[in-house]
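The chains carry the letters A, B, C, D and E, assigned in the order they are written, with residues numbered from 1 in each.
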Amino acid sequence: MSFTNFRPPVGSRPGTLAIPEGSPPPEIHLVVWSPDAAEDRRVEDLAELERPLPEGSFAWVDVRGLGDEAVLWEVSRIFGIPPLALEDAVNVPQRAKVQEHPGHLQVIARLPTLEEDGAIQTPQVCFMIGPRHLITFQERYFGFFDAVRQRLRDGLGPMRKKGPDYLAYALIDTLIDHYYPVVEALSDELTTLEEDALAADDPDTLTRIHLVRRQVAVLRRIGHPQRETIGQLARSPLPHVGDDVRTYLRDTDNHIAQIMELGDSLREIAVGLTEVFMTQVSHRTNEIMKVLTLMASIFIPLTFMAGIYGMNFEYMPELHVRYAYPLLIITMFVVGIGMLVYFRHRGWIGRRRRDR
Amino acid sequence: MSFTNFRPPVGSRPGTLAIPEGSPPPEIHLVVWSPDAAEDRRVEDLAELERPLPEGSFAWVDVRGLGDEAVLWEVSRIFGIPPLALEDAVNVPQRAKVQEHPGHLQVIARLPTLEEDGAIQTPQVCFMIGPRHLITFQERYFGFFDAVRQRLRDGLGPMRKKGPDYLAYALIDTLIDHYYPVVEALSDELTTLEEDALAADDPDTLTRIHLVRRQVAVLRRIGHPQRETIGQLARSPLPHVGDDVRTYLRDTDNHIAQIMELGDSLREIAVGLTEVFMTQVSHRTNEIMKVLTLMASIFIPLTFMAGIYGMNFEYMPELHVRYAYPLLIITMFVVGIGMLVYFRHRGWIGRRRRDR
Amino acid sequence: MSFTNFRPPVGSRPGTLAIPEGSPPPEIHLVVWSPDAAEDRRVEDLAELERPLPEGSFAWVDVRGLGDEAVLWEVSRIFGIPPLALEDAVNVPQRAKVQEHPGHLQVIARLPTLEEDGAIQTPQVCFMIGPRHLITFQERYFGFFDAVRQRLRDGLGPMRKKGPDYLAYALIDTLIDHYYPVVEALSDELTTLEEDALAADDPDTLTRIHLVRRQVAVLRRIGHPQRETIGQLARSPLPHVGDDVRTYLRDTDNHIAQIMELGDSLREIAVGLTEVFMTQVSHRTNEIMKVLTLMASIFIPLTFMAGIYGMNFEYMPELHVRYAYPLLIITMFVVGIGMLVYFRHRGWIGRRRRDR
Amino acid sequence: MSFTNFRPPVGSRPGTLAIPEGSPPPEIHLVVWSPDAAEDRRVEDLAELERPLPEGSFAWVDVRGLGDEAVLWEVSRIFGIPPLALEDAVNVPQRAKVQEHPGHLQVIARLPTLEEDGAIQTPQVCFMIGPRHLITFQERYFGFFDAVRQRLRDGLGPMRKKGPDYLAYALIDTLIDHYYPVVEALSDELTTLEEDALAADDPDTLTRIHLVRRQVAVLRRIGHPQRETIGQLARSPLPHVGDDVRTYLRDTDNHIAQIMELGDSLREIAVGLTEVFMTQVSHRTNEIMKVLTLMASIFIPLTFMAGIYGMNFEYMPELHVRYAYPLLIITMFVVGIGMLVYFRHRGWIGRRRRDR
Amino acid sequence: MSFTNFRPPVGSRPGTLAIPEGSPPPEIHLVVWSPDAAEDRRVEDLAELERPLPEGSFAWVDVRGLGDEAVLWEVSRIFGIPPLALEDAVNVPQRAKVQEHPGHLQVIARLPTLEEDGAIQTPQVCFMIGPRHLITFQERYFGFFDAVRQRLRDGLGPMRKKGPDYLAYALIDTLIDHYYPVVEALSDELTTLEEDALAADDPDTLTRIHLVRRQVAVLRRIGHPQRETIGQLARSPLPHVGDDVRTYLRDTDNHIAQIMELGDSLREIAVGLTEVFMTQVSHRTNEIMKVLTLMASIFIPLTFMAGIYGMNFEYMPELHVRYAYPLLIITMFVVGIGMLVYFRHRGWIGRRRRDR
């Protein structure tokens, strides 16, 4: 549940950067493409970014890591990113959103990654879509975008023929696709938990169901504003996003809608599993109670009878009767059988009702 | 819960097909109809599809099975289906939706089928409604559409006199009708489960209630976007769908609304059944506890008394009193009866409160 | 939960009638009224319906029972009812709705009736409002409309001076009034159940609460679309319904809104009752456990002590001590009292905490 | 839960009055005010109401009690109140609403009063706002409006300078203020119940929580339409209500919104308390079970051992061993201590886990 | 839950002030700023406020404490604040809202502060935004605004160059930032509670979970109208708020949205924890029951056997058999082992099912 919040101190002025703790120093990759070619290189010197773009070319500036404030301010100066926009790009976690700025359309997106210890990390990516360039700020490098970069380099599909808006779409679509493995992992875990909940003999089951519930809560919490954001991109006319790209985004919108509906299902099933586990635990207690009641109810009166004739009174005529002992044993037997029959009649032993 | 997702690898370019595993190779059926006649045949050679339609005739191209990418691309080329549309038709599962494409209106629909093992399958059908033809892509052949095909062949009703939009309506209406048997089966199962939950002696009851809850969750998950889709078709003016057909679709819209309301009721009842089962299990534990308490509370003190006089102390004057034994027996009797009366007074045995 | 659905076989063409099983053959009553007079008679020959209405007169054709397809088709032919509208009138159950047809405004309404066995029946009434006539199709004859017919015959109130729209309003208002007794019956049952749930000693209580929950679910399921329908009638300008009648319908709209809010309350209270019953059952188990624990915890150690001195070892010096027996009895007494004091201290007996 | 409904018999014509049972005969108070003076008197003869109002004066006709149909009809005739409006004023309970009538704006409001027996009564007040007069119909006299009347008489504030709309606002605001004490009383009761629920030793706690839940349900049921109504008054331009008065009504709107949010909180807390009580009851059962298990598990085996050597077999060599008795006692002691240690290790006694 | 409401007596006229109990006497601070300078001083004499502002300067009047009605009326007279607005500023608690008044835009905001005893206080701040001045009314002095005052004095950022609307934004943003520590504290408490709930051996856990639920309920109750308010400020064009400031407010809007989503998550997790605790308590009862059942079921029959041969009948032939005693001991052993095997087979001891 704990969430890390790198907001600057309360009351500080807008435009203050709060670098996320542990974020590596920025590594900047530049892809310049035109319909015919694409060039991909690491930027060592920020001055490279100031060189004018060749006619008919577009640029993708991928900033990986946010660990150096000076570099970030420099990049934002070169491309004319307003301070408020840079603040939102850097001060994670932000809520997913679309915001218009002069010269750029800013899209903040977050995606879930399932860590080995079961925690869900939700790294943030910020897209600044300009008329001829796209700038992405990644909290740290996750390799999400390598497949898209490859497609751009290889010139497959329409990507090179289109501008930064299409590239932004392709990256956002990739990012949304990363929700699927998380949903699938949670779904698989729930399937496993279902059997365990019905067996109800492993006390860890509850802990694990609770963990999944928390994971699903995180997924829904970040997914909900994400869906809003993509719906907005897909439906409202916004600067720097062409009509054709909006058609593609409607597809992405359907994917995130589908993911959120799966998230709702997961939540409902996880809540149901808690109930199943609770009921099953009660049911097993019930089963055990039955045995205890059976044993105790039968033997306690019999033991009492035996206790009677274990007393040492001087005058107990029965003790001297010839067949008293076997008669008592028979009586005990009858009482025991009688109670068994009564319990069976009440449906406490056997499967009386099921036989109907 | 497990859901199969045949989406192409993350980051692949839009328009990539991911043939669902196990989908049979496409079998294409062509129906060409005019107000006077209808001809229905299996297409062996895709070239047949390229022949121009006779004046005043319409065509229904039914693609059953998606197992051959080349065939699908060829069909889409012949009818001018955009790659993104074909991707949505093939890459199951998609969320139900309506999407305009140049030359076609695409409708994605999913329907539930209850398998023998209790799983709900949700095969997908894609409709491409053009001005003079309708193309349907079925994940595999389920025979859903045979009755409509028969009506078209027999010329009953207004079907032959109308265009592809009416045919699409008739097929969609048929498809929505397939929700009813699933709802009815779940409703019947819940009726059975109700008795079992109130009997509360079969540990499988809980498993079965949970299964129904999951089935209802799946039904609602696919039905919700389906309802949206049909509402959109019935109310918004869309290309290739006539006003008269929209009137018919309003009827279908009412059916899916009714189904979804039944789904909500089913869900509520299933949740209620879990509670009923839990309460009943607790109640039965309570009943059993009462017997145990009764037996133990009565006999434990009596056994203790017997134990006292079973001790072997040398100096126990009572042991030598003439009527000590019968007196003790009477005392025990009085104590036992006294406790029974007390328990009855507390309402733990008998039906004291009900008699009021 | 089981619901009967008389829809025609899947895939049949629109306009197919599915007569509800057990629906009696139609009995047609005709009321012809003008401001001055009203004539009410049973129609034996359908040809009567074809006679032209006198100038300034209006007609109400009440079709009771749907058991003869030919008659229904004939009526619909005479008044120009489209097949799709007739289908909706006959193929019960439909969702409540308002639908415009050429020449008629169709209103489908359903009302709840509480049967003796606790089931809620939801018979359907279809109103076809024309410019000079009103046609009603009742699934079977329930006598709902007799009071309105009487008012029409007696010429009380403004009814005779108004047209078919006012009559339709009066009938719909009557129909909505029939929701009240059902809500009241459920409310009364819940009041009774409250006491039973708090007593928690009747195992049937749970079954009865569950029944009410199901009844309330049915009520809400049919009431929700009914409210939508009446709201639509009261607020949107529709053909064949005058502005003055819309004012009256707003009143009906308030009634159904009030009913639905009562339905929501009933649902919430019924859910609460389940919890009350569960808690009370647990609480009583707790009470019983306390007694068991008390008895067992006190007497089990004492019995053990007695068992010690019941052993037959040759060398047990205490057995020969003069006052060992009374000393042991005193010890036992002290131990027993000590445990009672401890239990009281823990708050397990008496009402320690309440005295604070 | 039981609600009284004084609607006229089903099927009766609109405009029929159903006097609420027990409503006292109407007592009519008339206040005539102008900016300079206010005159307040009881109306003995209805003819007084027909006298024309002096120029620049306004009138408030306060009808307290609805117990005489003739008087009500006469009042409605004098002021031109339509029958449907009078019906809504008299036939309680109505849902809170705003309705335009020719010459009047009708506002129906209900307020909660907490009776001594814990029931919530919801008396109804109907306001008929005309251009120069305000008529109020109160089910019975509660004294709600006395403070406002006093202000009018004393000429404090802007009240005398304004018309009937401002007076209506002042009365409605007073009425909404009467929600606060009910919310506060319920809130206080919940605070008390919280302690009781955590103590979990008073079986009445559950009954009381359930009562509060029902009271909160009633509060929310009447408050919800009330909020709608006041929002409508405050935001939509309606006849007979000036723009300046609408500004004041926005304040009232905020109050009822705040009340409804408190109502939602109360509901959530009450639901939470039920769970707390349930859990606490279970927890205490658990505590008691531990003691029982401890006692039984320790002494049952020991008693068995003692039972062994209480047997009367002729050949039991141990009985004749010199130190058998003390050895057995030591063995018993070791077994008992061993079990205590084991239970402590399992965390069943002491506070093992808490010490971590 | 208890909430303090300082509204004036019911029925009092609008514009009546109800000073919150314990509110200190007002201390007024005045900041006058222009792009070049800012002067901050405490106002000792209210006449200072009447001096005209120098050209190009703006003023911030910060009223801390509401304990003197005369001062408040005087301030409102000087700046032309309408009585209704002053009433809303003083009569706490108000619901967060935005209200237009002639010459001012009023913003009411509330923020949560977590007291040491776990209570959430929700002090209220009222902003009156005028064309050249900003007036803030604080219930008491919390020091929230000191950082902003410092920035204004130091001339950092754009603050001095902007007008009262930007200052109001900066203060509101600071105020919303004060939600974060509360959310974080609740989140941390829930993380701690999670472990305790899973250990389920501390009866206080439930009390603490319930406290967090109540705290979260308060947070959501005040946060919900706050979010509405800020959304309204950020999106609707309102007087005295510039377009540029609206852009900044959209950022604040995102923060409060994020806080509310965290609040929803907290609520869901807290509800889940109650269930976890309940289930865990049941589970532990179950574990303890198993031991009791095991001990009792094994030893009760054995003790009965021993009891049989402890009877003192004269004629019990077994007692005289040579090897009867060892044979009985062996029999007892076999019975005990048999029951252990049976219990293991039923899965009541060991981890049978988990080994699968």
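Definition applied: a residue touches a chain if its C-beta (ideal position, glycine included) is under 8 Å from a C-beta of that chain, and two chains touch if they have at least 3 such contacts.
Just so you know, these numbers come straight off a predicted model, no measurement behind them.
Trainee: Round to the nearest whole Å and give the separation of the Cα centres of chain D and chain E.
Mentor: The answer is 24 Å.
Trainee: Just give me the whole-number Å value for how far the CA centre of chain C lies from that of chain E.
Mentor: Their C-alpha centroids are separated by 39 Å.
Trainee: Name the residues of chain C that each touch 2 or more other chains.
Mentor: Counting only residues that touch two or more other chains, chain C contributes 278, 282, 285, 287, 289, 292, 296, 300, 303, 307, 310-312, 316.
Trainee: Could you draw the chains as nodes, link the ones that touch, and say if you get a line, ring, star, complete or other?
Mentor: Contact pattern: a closed ring, each chain touching exactly two others.
Trainee: Record each chain of the ring in the order reached, setting off from chain B and passing chain C first.
Mentor: B, C, D, E, A
Trainee: List the residues on chain E that touch chain A in their complex, please.
Mentor: Residues 144-148, 150-151, 156-157, 159, 170, 173-174, 177-178, 180, 184, 187-188, 190-191, 194, 198, 247-248, 250-251, 254-255, 257-258, 261-262, 264-266, 268-269, 272-273, 275-276, 278-280, 282-283, 285-287, 289-290, 292-293, 296-297, 300-301, 303-304, 307-308, 310-316, 346-348, 351-354 of chain E touch chain A in their complex.
Trainee: Name, in rising order, each residue of chain C that touches chain B in their complex.
Mentor: Listed in rising order, the residues of chain C that touch chain B are 1-3, 5, 7, 9-15, 84, 88, 93-95, 97, 99, 199, 201-203, 206-207, 210, 213-214, 217-218, 221, 224-225, 274, 277-278, 281-282, 284-285, 287-289, 291-292, 295-296, 299-300, 302-303, 306-307, 309-312, 316, 318-320, 322-325, 328-329.
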